[in-house]
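Taking it in order: structure first as structure tokens, then the write-up.
Chain IDs A, B, C and D follow the sequence of writing; residue 1 opens each chain.
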Amino acid sequence: MTGLPMIWGLGLAAILFVLGLLGVLVRRNILFMLVSLEVMLNAAGLAFVVAGARWGDADGQVMFLIILTVAAAEVAVGLALALQLFRRTGSVDADAAMRLRG
Amino acid sequence: MVFEDFLALAPLLVLAVAIVIGLLVAALPGSDRMMAGLTPLALVLALASLPMAAETAPRLVTPLLLVDGYALVFSGLILVAALLVAVLSRAAFAGRPGRPPRLQEFDLLLLLAVLGALVLTGATHMISFVIGLELLSIPLLALIAYPRDEPLPLEAGLKYLVIAGVSSATLFFGLALIYAATGTMDFAAIARTPTAHPAFVVAGLVLVLVAGGFKLSLIPFHMWAPDVYQGAPAPVTAFVGTVSKAAVFALLFRLFEATGALASPAPLWSLSAIAFASMIGGNLLALLQQNVKRLLAYSSIAHFGYLMVPLLAGGTFGAEAGLAYLAGYSVTLIGALAVVGLLRPDASGREAERWSDYQGLFRRRPWLAGLFALMLLSLAGIPLTLGFIAKLYAFAAGIDGAAWLLLAGLIAGSTIGLFYYLRLALALFAPAGAVAGPADAMPADATGLTLPARGLLAALAVALVGLGLWPQPLIGLVREAGTLAATEPPALSRPDPTEARSWTE
Amino acid sequence: MVGLLFLVPLLPFLGFLVLLVGGGRLPRRAVEAIGVGSVALSFAVAVLVAIGFAGLEGESYRQTLWRWMATGGFSADIGLWLDPLSLVMMLVVTGVGALILLYSVGFLRGEAGARRYFAAMTLFVASMLVLVLADNLLFLYLGWEGVGLCSYLLIGFWYREPANGAAARKAFLVTRIGDAALLLGLVLIVASLGTLDIPVLQDRAPEAWTAGSTLPVAAAALLLAGAVGKSAQLPLQVWLPDAMAGPSPVSALIHAATMVTAGVYLIARMHGLYALAPAVQTAVAAIGALTLLLAAISALGQSDIKRVLAWSTISQIGYMVMALGAGAWGAAIFHFMTHAFFKALLFLAAGLVILRLHEEHDIRRMGGLAMKLPVSFAGFLAGAASLAALPVVTAGAYSKDLILWQVAASTEGGLLLWLAGAIGAVLTALYIFKAVFLVFFGPMQTAPEPAPASPAMLGPIVVLAVLAVFGGGLAVPAQLAGTLPAPPLAGAPGHPPLAFALVSAALPLLGLAIAWALYVGRRGPLTGLAASRAVARAAPVAAAGFGFDALYERLFVRPWHALARTLRDDPADRPAAGLAGLSLGGYRLLRETQTGRVRWYAASLAGGMAAALALGVLS
Amino acid sequence: MTLVWLIGLLLAGGVVAWGGERFGSAWPRSIAVTVMLIALVMVLGLWSGAATGVVTPGGPWIAHVEADWIPRFGIAFHFGADGLSLVLVVLTIILGFAAVIAANIDVKERVGFFHFNLLWTLAGAVGVFTALDLFLFFVFWEAMLIPMALIIALWGHEKRRAAALKFVLFTQGSGLLLFAAILALVFAHYGDTGLWTFDYLTLLAAEGSWPGNLWILLGFVIAFAVKLPMVPLHSWLPDAHTEAPTAGSVVLAGVLLKTGGYGLIRFTAPLFPEAAQLLAPYAMALGVFGILYGAVLAYAQSDFKRLVAYSSVSHMGFVLLGVFAATLWSLQGAVIQMLAHGLSTGGLFIMAGLLQHRLGTRDMQRFGGLWAGMPRLGALTLIFAVAALGLPGLANFVGEFLVLLGTWERSVWAAAFAALGMVGAVIYALALIQRTFHGAPHGNPGVRDLDPRAVGLLAVLVLLLAGLGLAPQPVLDTTAPALEALLRLSEPAILAGEVASHGL
């Protein structure tokens, strides 16, 4: 495996993960929340690829492919719901959907 | 993959075939009625195939799935719950006025989710864990937001999507850390492989615990539950409350049992803290709750707080206690939500979730109110109901694992729980004078319920009181779950890493 | 005929049951007939039994009806035990009781509630007989409490007036304090001697207990407390004066003749126990002496005719208790008998006077009634003479002189006790003749209504007057010689020497003279003394019975009300309410977290994750 | 088998009574009365059988039946009645009978459902008194509460809903403690002997002194103390009593309070001898405090039923004292006190119901001078009040005297202060009579006296009180063997073998 130690790869994945998480917390627009969600999922995928590389094991990449498909499915359903939200409330602001509370 | 492997996977295969047939049938006209027959049939067949699979148990089918007594009994519970939900959904949606919604997709999504749940019960490998979990939660998204023409399900779906997405990402990252540290994805192997980065494994397990906490709606990851329970239609809420949580519990129990995660302090302390917070917080949140579905959501938070006691106790008794508790709780929750779903308080076809819908219900719908009261008593754990047997196991597990603090939480939580369960139950019997809504708005005749609906309610009542009085059949079945197969997975050929230091120090 | 003993208490009890169950439908005359008849019949049977008993050669006769309770080595029966002591008590109770009930027929002529009155009276007589005839202390305690209950019912007979209710409750409560002590005494006896059977106790106690050791002293003291409560001795005498709120016949029967002497009977009955506790016996004597002095002075200060008689009763019982304390058992019982006669007579006569003067109680507003009410005057005079123990001519003289002599001659402290008795005798004569002179002599202030007194009322007065005068002849102490030990006369002869007899005869005459001077003659040095400032200041203290009432009010009653007020809404409930408040607060707090914003939910999840990870790093 | 038939009869009777409502509102009442009559006959038959030793001569068990229920944990349908249980079952049936008759004082609507709840509460109580399997005992212990809570909540007076909830929270909450304690005991026993069993007799025989013994005992004691009620845990009683309907109060006071006392006698000392002895002084102190505290608070009340409720707290203080004094006298005294309290307080609550039915209120400030208008009612209330203050000749005195007798041996001071409590009883009992019946009548319109039927019912209670007061021997003889056996078990160091003989 190249000289790059695994820790750095995992570090990058962790940073990406945290950025994605913050993205979900900060952005009010539902679409950008989905984007942040994608970032988080791919961060996990990256971590798997790095780990797979470290152990010279194909499972890492198999898991990455699974995560990709999962992410795709989630976003698909997510966009469908976002579309519904836009059609119903005229905005994509996540906080518009606040009727369920208390 | 010899014949025995296929036999072991019989329930999964039956469902898969049913799903494919469903997809094909969906195109034909009149497919709604066909699907109405196909779904329950598929579930019943899967149930029937369980004993066949039992012969070959315990059996490691591909490194991903371990079909043992534990997995089969859990599958049984999930299939029964799914069957009840399927029948309930048909009856509940039939009651809606306006043009009947297309239920084929509903059934398909349901079967897909059940398939994912079954995979989870047998999973002993990260990949089967991930596939099972996602196969369970993504159809759920669509199920929650199924009634497209109403705002609340949409909002619930959105919230569930975002939170589920975050928790799935957390889960994957956690698994990645464990994989990075140990190099193996097999649960049993994780414990045995020495690793250079023990901190990663602990962190990974904690992240898995967080994802599990979300799925089981434990405090502080619980906030989605009340909104989703209220927003989603009653049958879907029942599904979320029973099938998805049961599958995740089964997985978590096996994961923690195999990896011995609860031996190290971090997961143990965080799980105990979460459990205690859920027991007390869940009950407190429900104290003066006016919306019945939200009340059931908070009560489920509390109940899964109680369920952590068997998880922490671990061992064969822990598995048995956990399963018994889940069985008791599932039947009770589906029963309660059946009444919520089937009771049409007024012409608008909305579900009966307001407090006023239940005020003095006993005078107008004695049987329905009686059943609802029975469910509430079971949730409170009053003897002669199945809920009491569940409480027996929770207490027993608490004492077996000598978790005194959690036992105290269990007692305090149940006492608080008594308050709002009985407050609602007493409201049912309130004299007519005190009732808020006009009595005649309610379709007075009980014939409003279709035949399957009444059959479903009767079955639930019989199960609740029957098993409450004579729990031996359930207990015998549950006893088998305890036989958590400790069979060693075949040693995977893999170069052993240089440093040999077990991560558990 | 002795076998009929069980009928004596049974007859009044049956009368009570008939009145209780069927009373509502019976006409008034039938109610009265049952009331008086059952007690009179009981008296007749008592006389028969007495005759039968005289023929019996044994010292006592025992009749067990049924086993009351037996558990773990202790057993008590419903059984009767007749010996000379209880014979005397039985005869007095039934006899005087019958007379008084006859009198009350006339007394309650115009009143409603006759059924309730006669039911309570018959129950009272039955309980008193049980008390007197019981063969074990537990059955005695049953009678003991029964009489307490009836005294409560009868004091509060005119229940419309709240003050009467208060007096009745006060009586029951104060006696109940004594009863509680008595019960503890019984418990102590059973715990150490294993039985409450009186005959058995008499010989088992001396063997098991050594004289003067803690157990007998404690038992004797507790029994004494019970006696003090019931017989209204110091310090529990506050209830008797207020008990005058009841009708006069009730005061006559219960608060003069029978119930208040129950304590005397108890101490007399348990003389064996007191012999084992000399210290307590001297205490008995001291209490007797103190009470008779205090009561005599208080009687002097009263203006209500019945209160005078009430304090007088306390004083006379003080004499009996002093006698018991000094070991003069027979003399005490003899005085009990004579006292029963003349005190009942006084109360009945006073009742007649009050009836005629439209419920006027204050003697200062009476006067000159001698001619108007000849029979009550004669009765009252005879009673007064006997009470004051005018020599030779009255029964009271014989019993009181006997007490004075035996007390003086008794072993220790005899002289001091005699002195108290002597002063008491003078004061007794003074206060009773003060009442006689103020009520029957001098100018008439309120005119009595001229209605003729019915024979039913006058008859008993005449009979009692005869007994009060000639009762001394019944040589009671001689008959009791068998059952009660002889007094420790330190070698002195049975009869007092001539000189002593002369002195004790002179005392009441001295009192009479002083009373004459003060209230009839109204001249001479004494009137100046009576008007002096010292007496003026002392009078209210005496009238208030030396302030015991005020003391108890401040010591017990007021703190009890304060405690009740503060604890009214149950502080023990506060922790529960606190928990409820806590959980409600928790609910409101947590409910705020459900804001409905999905980003807040994600933040909570992130926060939970961070905390869990931090926990991992720390541990 | 008669025990199972008895419980079955009551349960079935309840259902039939509920169904009977459809045929007319009088039906449920008559069905309930016939059921209670049959039950009375069965129970008296059982007692007479026991007296002549027909059923199981020698051993304390009078009736006994056993069948498997949940073999996994060794739980069985194990019913058995010895003298102690039998006497309390008889009390339950008698007071149940009185409650059914007194029901129509203030239960007018949904009569069938009321009788259903009433009979099921009684069945639960009989179950509690005769269950010899700890799990079965607990099932009855909790199942008995729900119908009682419904009675309070649906047919009660003004603040009935809150009172019912408070009642349930207190009793169920402490029930959970009991449940944890039972399980801890069973697991500890399993740890020792490897045998799953909830059976009372086998647990008795296993004289294991496990480390957590005291904590397990505390779980038992607290649960029974709440039900007794012991003072610091009693605050549910006044609310539950004031708001309950007459019949509910009679059953609550007469029967449910006794389950607490019964539990203390049956389970605490025999199962945990050393720990119970450790706990005894504190419990006796609390008992005495309860007697005095109950008396003071009873006097302070202006509501008729609240006064009687606090008097119950005071009387139950005697029972607690008697149980933890642990001598034959004090235990027999405690049992007699429980019987006497059931009868006298039951009577007082029927009086309260009659008064409230006539005058529309329970507030004694608005009573006064009622003797003129209703002498019979006044006389009967007087008799019950006098019984409550412990007049000899009536049942309470026998109980209190025996308790004092037993307590004296343990601690003189406790007996002394308990005797003081008897003085306190006079204060509140007479206050009750004075505020209600004495004083000037202020012409209340509703005043009318008792009808003969009510007098008949109350006369029976008075006769029972007098009978138990003057001839308690039959009851003493019945409970003696059972209590002696329990006492023998409570001595700490006893041979396990000897206990085996205690069983069958």
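In the analysis below, a contact is a pair of C-beta atoms (placed from the backbone, for glycine too) under 8 Å apart; a residue touches a chain by one contact, two chains touch by 3 or more.
Quantities reported herein were computed from a predicted structural model and do not represent experimental measurements.
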Nearest-to-centre chain - CA centroid comparison: D
Averaged-CA centre spacing for the pair chain D and chain C, given as whole angstrom: 38
Gap in Å, rounded to a whole number, between the CA centres of chain D and chain A: 65
Cα-centroid distance, chain A relative to chain B, in whole angstrom: 26
Separation of chain A from chain C, taking each centre as the mean of its C-alpha atoms, in whole Å: 96
Where chain A touches two or more other chains at once, by residue number: 21, 24, 33, 94, 97-102
Junction residues of chain D, two or more chains touched: none
Touching two or more other chains - residue numbers and ranges from chain B: 158-159, 162, 166, 170, 226-227, 419
Interchain pairs in contact, sorted by label: A-B, A-C, B-C, B-D, C-D
Residue ranges of chain B touching chain C (in the complex, touch as defined): 158-159, 162-163, 166-167, 170, 199, 202-203, 206-207, 209-210, 213-214, 220-221, 223-224, 226-227, 264-267, 269-270, 273-274, 280-281, 284-285, 287-288, 416, 419
Residues of chain B that touch chain A when the two form their complex: 126-127, 130-131, 134, 138, 141-142, 145, 148, 151-152, 154-159, 161-162, 164-166, 168-170, 172-173, 175-177, 179-180, 183, 185, 200, 226-227, 230-231, 291, 294, 494-495
Chain B residues touching chain D - in the complex, by the definition given at the top: 377, 380, 382-384, 388, 391-392, 395-396, 398-400, 407, 410-411, 414-415, 418-419, 422-423, 426, 429, 431, 470-472, 475-476, 479
Interface residues, chain C side, partner chain B - complex: 583-584, 586-587, 590-591, 593-594, 596, 598, 600-602, 604-609, 611-613, 615-617, 619
Complex contact set, residues of chain A against chain B: 6, 10, 13-14, 17, 20-21, 24, 30, 33-34, 37, 40-41, 43-45, 47-48, 50-52, 54-57, 59-60, 62-63, 66-67, 70, 73-74, 77-78, 81-82, 84-85, 88, 94, 97-102
